[in-house]
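Chains: A, B, C, D, E and F, in written order; residue numbering restarts at 1 for each.
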Amino acid sequence: MLKLGFPAGSLQKATIELFGKAGFHILDSERSYLPRIDDEQIKPIMLRAQEMSRYVADGVLDAGVTGYDWIMENESDVVEVAELAYSKATSGPARWVLAVPNESKVTKPQELQAGVIATELVNVTKKYFSDKKVDVKVEFSWGVTEVKARLVDGIVELTETGSSLRANNLRIIDTVITSTPRLIANKRAWQDEFKRAKIENIAILLIAAIDARSRVGLKMNVKKSDLEAVLKILPAEKSPTISSLADSDYVAVEVIVEDKVERVLVPALKRGGASGIITYPLNKVIH
Amino acid sequence: MLKLGFPAGSLQKATIELFGKAGFHILDSERSYLPRIDDEQIKPIMLRAQEMSRYVADGVLDAGVTGYDWIMENESDVVEVAELAYSKATSGPARWVLAVPNESKVTKPQELQAGVIATELVNVTKKYFSDKKVDVKVEFSWGVTEVKARLVDGIVELTETGSSLRANNLRIIDTVITSTPRLIANKRAWQDEFKRAKIENIAILLIAAIDARSRVGLKMNVKKSDLEAVLKILPAEKSPTISSLADSDYVAVEVIVEDKVERVLVPALKRGGASGIITYPLNKVIH
Amino acid sequence: MLKLGFPAGSLQKATIELFGKAGFHILDSERSYLPRIDDEQIKPIMLRAQEMSRYVADGVLDAGVTGYDWIMENESDVVEVAELAYSKATSGPARWVLAVPNESKVTKPQELQAGVIATELVNVTKKYFSDKKVDVKVEFSWGVTEVKARLVDGIVELTETGSSLRANNLRIIDTVITSTPRLIANKRAWQDEFKRAKIENIAILLIAAIDARSRVGLKMNVKKSDLEAVLKILPAEKSPTISSLADSDYVAVEVIVEDKVERVLVPALKRGGASGIITYPLNKVIH
Amino acid sequence: MLKLGFPAGSLQKATIELFGKAGFHILDSERSYLPRIDDEQIKPIMLRAQEMSRYVADGVLDAGVTGYDWIMENESDVVEVAELAYSKATSGPARWVLAVPNESKVTKPQELQAGVIATELVNVTKKYFSDKKVDVKVEFSWGVTEVKARLVDGIVELTETGSSLRANNLRIIDTVITSTPRLIANKRAWQDEFKRAKIENIAILLIAAIDARSRVGLKMNVKKSDLEAVLKILPAEKSPTISSLADSDYVAVEVIVEDKVERVLVPALKRGGASGIITYPLNKVIH
Amino acid sequence: MLKLGFPAGSLQKATIELFGKAGFHILDSERSYLPRIDDEQIKPIMLRAQEMSRYVADGVLDAGVTGYDWIMENESDVVEVAELAYSKATSGPARWVLAVPNESKVTKPQELQAGVIATELVNVTKKYFSDKKVDVKVEFSWGVTEVKARLVDGIVELTETGSSLRANNLRIIDTVITSTPRLIANKRAWQDEFKRAKIENIAILLIAAIDARSRVGLKMNVKKSDLEAVLKILPAEKSPTISSLADSDYVAVEVIVEDKVERVLVPALKRGGASGIITYPLNKVIH
Amino acid sequence: MLKLGFPAGSLQKATIELFGKAGFHILDSERSYLPRIDDEQIKPIMLRAQEMSRYVADGVLDAGVTGYDWIMENESDVVEVAELAYSKATSGPARWVLAVPNESKVTKPQELQAGVIATELVNVTKKYFSDKKVDVKVEFSWGVTEVKARLVDGIVELTETGSSLRANNLRIIDTVITSTPRLIANKRAWQDEFKRAKIENIAILLIAAIDARSRVGLKMNVKKSDLEAVLKILPAEKSPTISSLADSDYVAVEVIVEDKVERVLVPALKRGGASGIITYPLNKVIH
């Protein structure tokens, strides 16, 4: 049995969905911290992302999904098996930023010398300042951002787009750490043949599901005389599958493309003479 | 940059979803009227559908999505780029209807001569009655339909199936205007080469996504000896893609069909000898 | 017209969704017990699953969807057209179980002799005990399980995983009946040519949609020299579609697999030398 | 200990609130069917109102709150301690009515001879028809009123104002039974001195709380010379409390009045010369 | 019968509650625009506050509750019977303000000459600018404030505290009109003896209920020797009711005070030697 | 200005309501951490209860409301002005308890020697174990109780009734600390005359409001000949206010009683011959 930790809280829904796409269906995760899964070799356990890496490092869990930020905060000695970039449309990773009130005079970390910084990410923040040789007092704290930031000298907070900080009249002056979800493993579990194979298979399927999210299958029929021109429109690095048709003047062309490319390709292929163009969704893409 | 208006309110969710299907992912549309989009050439702005066409006509926006009803109401001079029929299962477009209380004696518009009509669509309603040479007073008003209709002589209201009017004991006596969503463009923006190409590409992708919603891909294997019979079952206007298989007694047949046709086709093909029949969902269909 | 009963209540959402997947879109089922459907030959009527089979047996309805448990409870004389196993990830059917408080000394049905049993499924429960020659009083009752079970000697309750019974400190001592949803038909309607054909087509499409839920399409390119090895990895009972490619060293291989198999297959095929492996979702699978 | 049944379901919230007003605070009734209460002599148990009287009659409970309709349906032999009229503003009790579709030709119960009646209140309905010497088949059924009424000949349903029946296009043709909540007691418990005193005290406090809901305290200062005139304005049956004041020209007058009377009294007293008129809310009124 | 209009929408809940406090209980106002009321002389009708005064002026309604802003906007010729200041703790009335984006250079109305103003309150806004001899184009519009304000030159919007305007980065440059709810009457209805008396009684009760909201009754026992000192602590304009007690060394003192005064008075009276001080809530206070 | 901290989170709603009862109305506390208050001498600031005492000790706030548990956890040097027991019906204060899984063999703290304890209340827990001379490792952690308790040796968690711990199959083995809300003040602010008077007045009003919650005013008329008997029924420690009436055979008796006493008193007084008994709610009671 593989004891596998799932993050309760903000990553919970996205992680459960991603495992579903990967082929592992988790039931009752809304109601129980010991949910069921349709794989008899896995025992799922839900824990806060903040504490996950501690339990993986200690061997209480064989593997788990958590953020890079909390692996660093806990200074946990684990194997990082895969980076998991869930989100479809947002470009970048989550960021912990150093912010001050709009009305503060501080514009860079060095000006916070001898100040008080409130954050949930105490160790990472301490390291950030000591690397910069700035001496500050770092206090554990979370929530109530708008007011808190005005009672201390600066805060280190998690943000995706910065918009809620702006709405609270706070100004970002630096990025302390960026973070994406990771699949991590305990070091002894990683030496165990069964567990390592299981974890690696999970990683392959998770990454295949993530890759499929931003890609589509594209099919079209092309006159043999137009084939060369149409192939030039396609991204160079992709080698399309070309198959013969009953009507020997035509071939069927099929290729997997990113959905950002699809937006450009579809109008271009239509103008380039392809017919019967369709795109269809994918469950998994293995490179 | 293309300044593109999205309708806030009743069309909002469906429009955001359709753009997502078309390949444009819009973020934060629930929280902000200046949402983000994963295309650097587009600046999305959310506005009420009722006012959209005024801002497109004035050039404040380059293009936008709104209903035909409000384009008419505002008498806006814009380019109508594409009609967008979102809804999967409902057959017809939205209708603005002229309705009276069940207990009213009125049965046709002419009997409302000298009456008072309450509506949100004042200009269209005025034109409707003046075309019929019926003299009425048209008052701006909305909401609280059931009661309102009893304080005036008739109302002109938006309805999809008529069921909420019936529930309020109102009787429809005529249709004033039918409406579907439209992609519209400012006349000067339409002369600009970059903007026009961008708007046309968006239109191609939106229509491809709409068409894909009511269609599926259908694949099956057919014995060569059954092929002619099976092809006769398929809709005449479709030319299927036929490809050879390793087993040379069989061919693979693939065709795109409407989902209403699929319901009839699948049992018929099964009886006609096709094997391994599957259907799969589509993201885009380009005619 | 086919008068077709849909179950209101706990099966409602899943049934409406399944019919949607099968190609029949039902509108307004949340608001009206006479919803609309996009098929002019069907008149949908929503009724409680508990009473459905009575109305089908009486000919008030031509056909309907309900649970096996309530067909048995009502002792209805109907044609059982198809078993419909909706749920994707849960393994088994719903169960009506005989349960007693944790603190009760009872461990098997025979020890309930002369006791009182509370249940919503009175007839089935009576038959269960009389088959076992145990004499009990069976009372109609539902809801408020935790307390009720302590006021009588035992209860017969519906459960999926048993977890809510455990949470109420109840102990399951036997299974009285297991149940899955069924498509049933009135006996006279089944003799009517039009109605029977219509019901059979609905059954084919529902089953095709159910089968598609737990399967995916899998495609890959395989070097001809690797083909035999790769084919051995695939499930034996499946005959894959193999088609030729423009590059004559390769063939395209396509196969439909269950998603539980996919989890094992994808990593194995990758290691076996297949390239461009993708999987895609299916709408319908016809065996 | 007094085992006291509280009705789960539609009466639940109003009953918990009424006991709160009476001075008994029940905790966790939303989450548990064995809630807590701040009186060590009472053990509260929540059960469906439909089954309450059976458990009181059997002595499983000493007393309980349920509707008169279900006491009759269950033909339970219990002591009816008090009628509890909860609702502040609605005038009458709940009614079970006999209803038919608007389009039915039936206008009185006698025309339903040989018909089928669907209802949750089977025994009361059977008795109603047999008293009228009308022979009908009464089927147990509930929910899905609008459709059900069209599949049988008539229904017997609970209604407060009749509006939801009208909305479902049903016509009421008779009232079968009217019902208010009752506090009932087990016959043996009623013989037990402690239990009877406890139940009677509860009844006094519940009725005092109900009476207080529709009454207010009214105070004013009146010049001695105006006193006679002012007293004539007050309802005749009330004897006001008149107390002397430091200023011997005036007296203070205090009286408890119904809030419907207050609406008329306050303007009249103001015109009649009373000063410093105030009204204040009451917790309990004992006649 | 008095046809009385209640405002649907933002004023709805507060108005229904206020009438309840005044002694008129309105039922079903959430579900129906023709709710019930426990007074047979009143027929309540719910309408949007925006249109209320038009229907009162036309005599479709005898009286109604709406805001001063919409009476002005509609230029309705009605009798203003009473100002109703609902809100307990907010100090001032609602305001329609002229606002511009923070980044705009405009600081006073005169700088908007030749600009475009978007507002729902078109007539009042036109009058405001013409009184100032500033020539602007006023467009009807509502909703989507943040974006709209950036597409035109200024907006006139309703605000209570200004905080949502600030959150949208808008700057208030002037107040166009302030508004409180009003009870208004039709001019002919006001001449009708029965209707006028009824409307006046309603007004007395509404104002008595409003006044009671911000006041409490205060009672205490005072030693006769302390009485003069204690009376000096009480607000001068109030004449307390002083009554004799069985213990002739003491008197009971009772007075009605505003709750803002109560905060100061209670600690002072305690220090001044009063004993048994209590305060209690009031339903109505008539001056 | 008095900078006064309000607890955001679980105490928030109850604290805002209590201040409202005390006469201080706080607006927008749902939306803003800098809410408004109707007292110009107070500046309210919302902060998490966990951090409140640190900011009061540092003088960032003059006073605040927080739990005794977090004052101890932060070891803050503050003035404890008043204990505030909010809850009406629950008897005891909140408790932090030491709990272990049901299946654990541990039955007392001493058996946890060398174990790991997870808790949010790290310092209090460390002190608890060191006082008992038990050596444990205390880890910061919160949430996901059910699972967590099985990954470590014991947890220290907040509970009110223990029911959610029981539902998670945990067993309480000791109470670590009990806690009620407190009004605390900064030591320097307490020396400031204005601030101290303000804080003391707030304390008087809060306690008067708390005391009023569990008490009612009781009035009745008593025949002079019954007076002695009736007075004996009343609680001995209360001295009732007795006032003369116009009818000299009777006196009016008024007394403040706890609502638990009221339940017993009202039936007894009725039997004792008192007439016109009413009870009414109170806003404040000053002892």
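The rule we apply is simple: contacts are C-beta pairs under 8 Å (C-beta built on N, C-alpha and C of every residue); 3 or more make two chains touch, one makes a residue touch a chain.
Values in this document were obtained by computation on a predicted structure and should not be read as measured data.
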Next item on the list: Specify, for the interface formed by the sequence copies chain D and chain F, whether it is same or different in terms of residue numbers shared by both sides, with half as the dividing line.
Entry: different
Note to self: Quick check on the interfaces: C-D is repeated by which of D-F, A-C or A-F, going by over half of contact pairs matching?
What the structure shows: A-F
Check: For chain B, which other chain has the most distant CA centre?
Finding: F
Checklist line | Distance from chain F to chain C - Cα centre to Cα centre, in angstrom | finding: 52
Checklist line | Inter-centroid spacing, chain F versus chain B (mean Cα positions, whole Å) | finding: 58
Notebook entry, point to check: So, what's the distance in Å between the C-alpha centres of chain E and chain B?
Noted result: 44
Next item on the list: Calculate how many whole Å lie between the centre of chain D and the centre of chain E, each centre taken as the average of the chain's C-alpha atoms.
Entry: 35
Notebook entry, point to check: What are the residues of chain E that contact at least two other chains?
Noted result: 32, 243-244, 280-281
Checklist line | Which chain pairs touch, all of them | finding: A-B, A-C, A-F, B-C, B-E, C-D, D-E, D-F, E-F
Next item on the list: Name, in rising order, each residue of chain A that touches chain F in their complex.
Entry: 8-9, 32-34, 45-48, 51, 54-55, 60, 139, 141-144, 146-148, 151
Next item on the list: Could you pull out which chain F residues touch chain D in their complex?
Entry: 88-91, 161, 163, 216, 221, 243-247, 252, 259-260, 262-264, 266-267, 270, 276-281
Notebook entry, point to check: Across the complex, what residues on chain A touch chain C?
Noted result: 22-25, 27-28, 32, 36, 38-39, 200-201, 204-205, 208, 212, 217, 241-244, 251, 256, 280-286
